[in-house]
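Each structure below appears as structure tokens.
Below are two complexes that have subunit A in common, paired first with subunit B and then with subunit C.
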Partner chain A sequence: MKIAVPVKFVPDLVEELTIDSGGTALDTSWLRLIINEFDDHAVEQAILLKERGGGQVIVAMSEAEGADDFLFASAAKGADQLIKLTGDFSASNNHALARAYADLLKELQPDLILTGVQAHNDLDGSVGPLLAEYLGMPYVGYVSGLTVAGDKVTVRKEYAGGLIAEMEVNLPAVLGIQAAEQPPRYVAYSKIRQVMGTAKIEERVVADLDLSGGITVSRMFQPEVAERATMIEGSPEEVADKIIGILKELGTL
Partner chain B sequence: MSQDIFVVVEHLREQVADISHVMLAGARQLSGSTGGKVMAVLLGQNTQGLANSLAADGVLYVDHPSLAEFTSDAYQLALAGLIQERSPRAVIFGHSSIGMDIASGLSAKLGFPVVSSCRNFTADGKFVSQICGGKIMAEGELPAPTALVTMVPGGYKAEEGNQPPAVETIAAPALDNLRISIKQYIEPDTSDVDISKEAVLVSVGRGIQNKDNIELATELAEALGCAVSASRPVVDQGWMPTTRLVGKSGKRVKPKIYLALGISGAPEHVEGMSDSQVIIAVNTDSNAPIYNIAKYGTTVDMFDLLPVLTDKVKQAK
Partner chain C sequence: MEITLSPLSPSFSKTFFSSLYELKDGERIRTCLQCGTCSGVCPFGYIMKFPPGKMIGALRAEIFDQVIKADSVWMCISCNACAAFCPSNIPITAALMTRAKEEMLLAGNIPAELQAAMENTQRYGNPLGESPRKRADWTAGIHPEVNILSKTRQPVDVLWFVGDYASYHSRMQPVTKAFAKILNALGVKFGILGTEEFSDGDSQRLAGERGLFEMVAQKNGQLFKKYKFNEIITTDPHAFNAIKNEYPLLGIKYPVRHYTQFLFERLEQLKPLMKKEVKAKVAYHDPCYLGRVNGVFDEPRALLAAIPGIELVELSHQRMNSLCCGGGGGGMWLDGFQWEKAHTRLSEWRVREAMAVHADILAVACPYEPPRFEDATKTIEGAGQLKVREIAELIAESMEV
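After this line comes the complex of A and B, so read on.
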């Protein structure tokens, strides 16, 4: 069983996000990037599958600050092959990215590709299903658990309200992971340090991205809000008193 | 090539999903600038009756045993031919467990770009999408000749039609070599408290930091005589059971008071609680999107606030 996990870094949403002077993109100069949380789950799910049924886990991502650390951490968790795509991705779009990864994956021939269900930085949730189509594989997203049996995988697909559909999918397949069966594991830095000595990151240069199929954003802006919250200022005591007042007003206390 | 707007109707187990009515409302507005008709596309088996509630100018209905339950495989095959043949100006899907599984695959198959997370259309027919967890909006021209769009709720009110639209039944293409099949549905757990019935919810987000701290929220909830609910990361970390999840993949709640502790207000969370009567948000980030929908907010640290608030609630009783 060969499992490939393409992962991506996204802006940390707790930070302030600003729009660049062109007005059509995020200002990336101060942007702090972190791993897309669903990709962390996808890596975890891949490692769990390996622990359960054996196999090989490949983690691949494009060049970004912190990429090496993430890849080494994945190796410390149990990933076998680490790949970094380098090249100019600045003008790229989801179709271009999916084609670049599809080329890589055609060569690696995994049985299973796990992506995150979506990443929140651009127009989301596209790369997984695009990859599937470019590779001629089926795609199921919103997956929170799976079992491999022979040349099929049984996945738990989430619908609203907690309803789950159990689906059987032929391998090879692409699955968009919403949550791993257990929370992503923590790995001690000492262990990552150890791995750094032995694990190797393979770099692949992507030249000439085919940019067709993308969309163009003509304006980015902060959402216009009808009414922002009334802020309660003061010490915790004062704030608590105000909240008590609101609870009483609504007859809930 | 037509100017019609197609809406791929989402339904599950004989129920039209709310997002379908939201998409139809969006399509109605968009059709105002394109000049075409709003056509609902309904796929299923013996589900023609679902057409009755749709606020569309017409319904294109495809009936086939392989469409009895949603799978991306069969849906994509059934839609690809129809879209190619009729070339609508836009096809709208839900940005959901159903729509997201098919829209991008069709984009690659048909070569039409996909606009995702669209919240609304402007009067002159541009898309406005919600990105970065609701912190940023992105606007642009709808790609031509045909745009595929996935739509999030929030931009339009779900409205049902008041008279059944005309239904045109379309022959299904061959749906062979399907690679996905449904085995069963697993019902949500109903043994726990039903958070959608609570008058007050103390809801915790990732800001709670760890499992042990949940106790702080539980104490407050006990003092108030209400339940604790949670955002997705809290559930995914195993700190709270899935039955307490509020949002897109969890429950929709509308208590009198929703106290959001350390919740940023991501669109997927907001989808489940925006109908609450009064939202009080406690979040140290004064730019958090939760303040866009909360009535009251405070940036005090919740770990400073919680013990004090719990004490005061106990005293007030």
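After this line comes the complex of A and C, so read on.
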């Protein structure tokens, strides 16, 4: 079984985000990128499936600072094939990214495609459903566990309120992973170093990105700092009286 | 899990045993008397399925795979008490415990908290997961300004290796500032690496991540090479231990001292500056990697004794027999894991000892300790009055800087 995991990087929130002078995008000069957490889970789930039932895991991502490190770490965890899409992704959106992945995946013909269900910088929908549309495959999102049997996969999909649905999907299919069956594993740095000497990253050139279907940002805002909170002081009884007074004043009591 | 005599993987014990021989004095493990001193002196020995002595027994019985399967080695906080009291001088902490943790880690068997610290070190150069760009933010407001070598490139007398917790931890930043003010008051020409500095890596190494340790050590080594200075000082005993004992094995050789040694040398210059009385009964806690591992016992005590108003008292565990705060060898990042196993913290034990000698202040000299002990004063009944202070804080208070 061939499992492909197209992943993407997102801005690392450890660094403070700033808006560039144009006012419509993040300032990339200080931006640091990190793997989308859900994509990290998708990689883990793919490796768990491989360990359970054999097969081949392909991890693909677009060119970015730190992409090689992530791909090598994936190989150290058990990924078999590493692919890096190269080209100008600076203005990319999820529609364009999904089209680029679709072209690659048509060629690779995997049995199963796992990707993170969402990312915090998804402005034009998440990658998974777009990818499924471009490939003409079924899609199920919010998946937190799966079992492959023959040409079908049984997935556990999370719903609000703690409900879980089990559904059967025909392969090939695209699944949006909410959580792998176990947290992404740790791989010792010495193992990553070893892999750096042996594993190869295949580069595929993406000549031009088709951005259509994406959104246009007219302005980006920093959250506003406001001082609307009032600290109420006094004994518990006094504080309670004051709260009742305020609520009455607001007409809620 | 019961101990069985049939090994799960017969060759594992032999491979592991011989890997110890490659380490310094590793072969001494063959001289083990099975006296049990190590397991007895280990502060968590009573909770481990395989305390150190039993680990050696299992190694000899060729059932060491069962030790790896039981996860009790993650209770080891690398405090070195086992090795310090071993009559056969076996490097139990440095060789056996650390190798066993390495084995666990290579197999991917690592508690989640510890994993996060390792990943943070790999990614950000510090286990706290803070932005490397903010590593020198603590210097704001210090006058004269702290010399950041990447900016000024001036030669200095002293390179101050600040370290992770001293740079980032909100409880430790005031201590770091206090030490900078002391250096300024003494007229020391010093500089720091600032945002370029990486974790010293020692606790990651002792928690089994040898490769990661080597990576950060090499990066720090390249920085040391870039700047001109005569010696390195640090407030962090773990950084002190790494630069003193471990970096030289990687070819990174620089003279290094803990700040208590550095200030002790300037005690006569310091004394007239310490005018304000700090009226308190002070108990000093010996940090493992300052005292037991590196033999620095007297300088911190001499500094405290020189502060006017301080009455120094000794804790029941002191000097070579000091009790670990629980933060070493990865313990800083295993709090939940160890709590689940032990339902107590070593820091709490230590706070009770300070209360027993009626100390007003528990004085420390390691950046892991103030947050750990302060947390313990909040969970131990009646400990609310005990203050936890870094020696540098007390000196700065007395100097009124």
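Going forward, the second predicted complex is superposed on the first by the 218 of 253 C-alpha atoms of A that agree within 3 Å, B and C clash if a C-alpha of one lies under 4 Å from a C-alpha of the other, contacts with A are read in each partner's own complex, and residues count from 1 in each chain.
Here is the rule we go by: a residue touches a chain if its C-beta (ideal position, glycine included) is under 8 Å from a C-beta of that chain, and two chains touch if they have at least 3 such contacts.
Not measured: the values here are computed from a predicted model.
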item	value
First (subunit B), second (subunit C), both or neither touched by A:149	neither
First, second, both or neither for A:124, with subunit B first and subunit C second	first
Touched partner set for A:211, first subunit B, second subunit C, both or neither	neither
Which superposed partner A:190 touches (first subunit B, second subunit C, both, neither)	second
Touched subunit A residues, subunit B compared with subunit C	B
Residues of subunit A contacting subunit B in one complex and subunit C in the other	14, 16, 183
Sites on subunit A touched by subunit C in the complex	14-16, 30, 34, 183, 185-193
In the complex with subunit A, residue positions of subunit C that touch it	105-106, 108, 110, 112, 115, 118-119, 122-124, 129-131, 133, 209-212, 215
Subunit A partner contacts - residues on subunit B that touch it in the complex	12, 17, 69-73, 95-97, 100-105, 107-109, 111, 113-117, 126, 129-141, 143, 150, 179-189, 199-200, 224, 226, 233, 236-238, 242-243, 245, 248-252, 256-257, 259, 264, 266, 277-281, 285-287, 289-301, 304-305, 308-309, 312-313, 316-317
Residue ranges of subunit A in contact with subunit B within the complex	11, 13-14, 16-17, 19, 26, 37, 41, 94-95, 98, 117-118, 120-130, 132-134, 137-142, 154, 156-170, 173, 176, 178-179, 182-183, 213-223, 225, 228-233, 235-237, 239-244, 246-248, 250-253
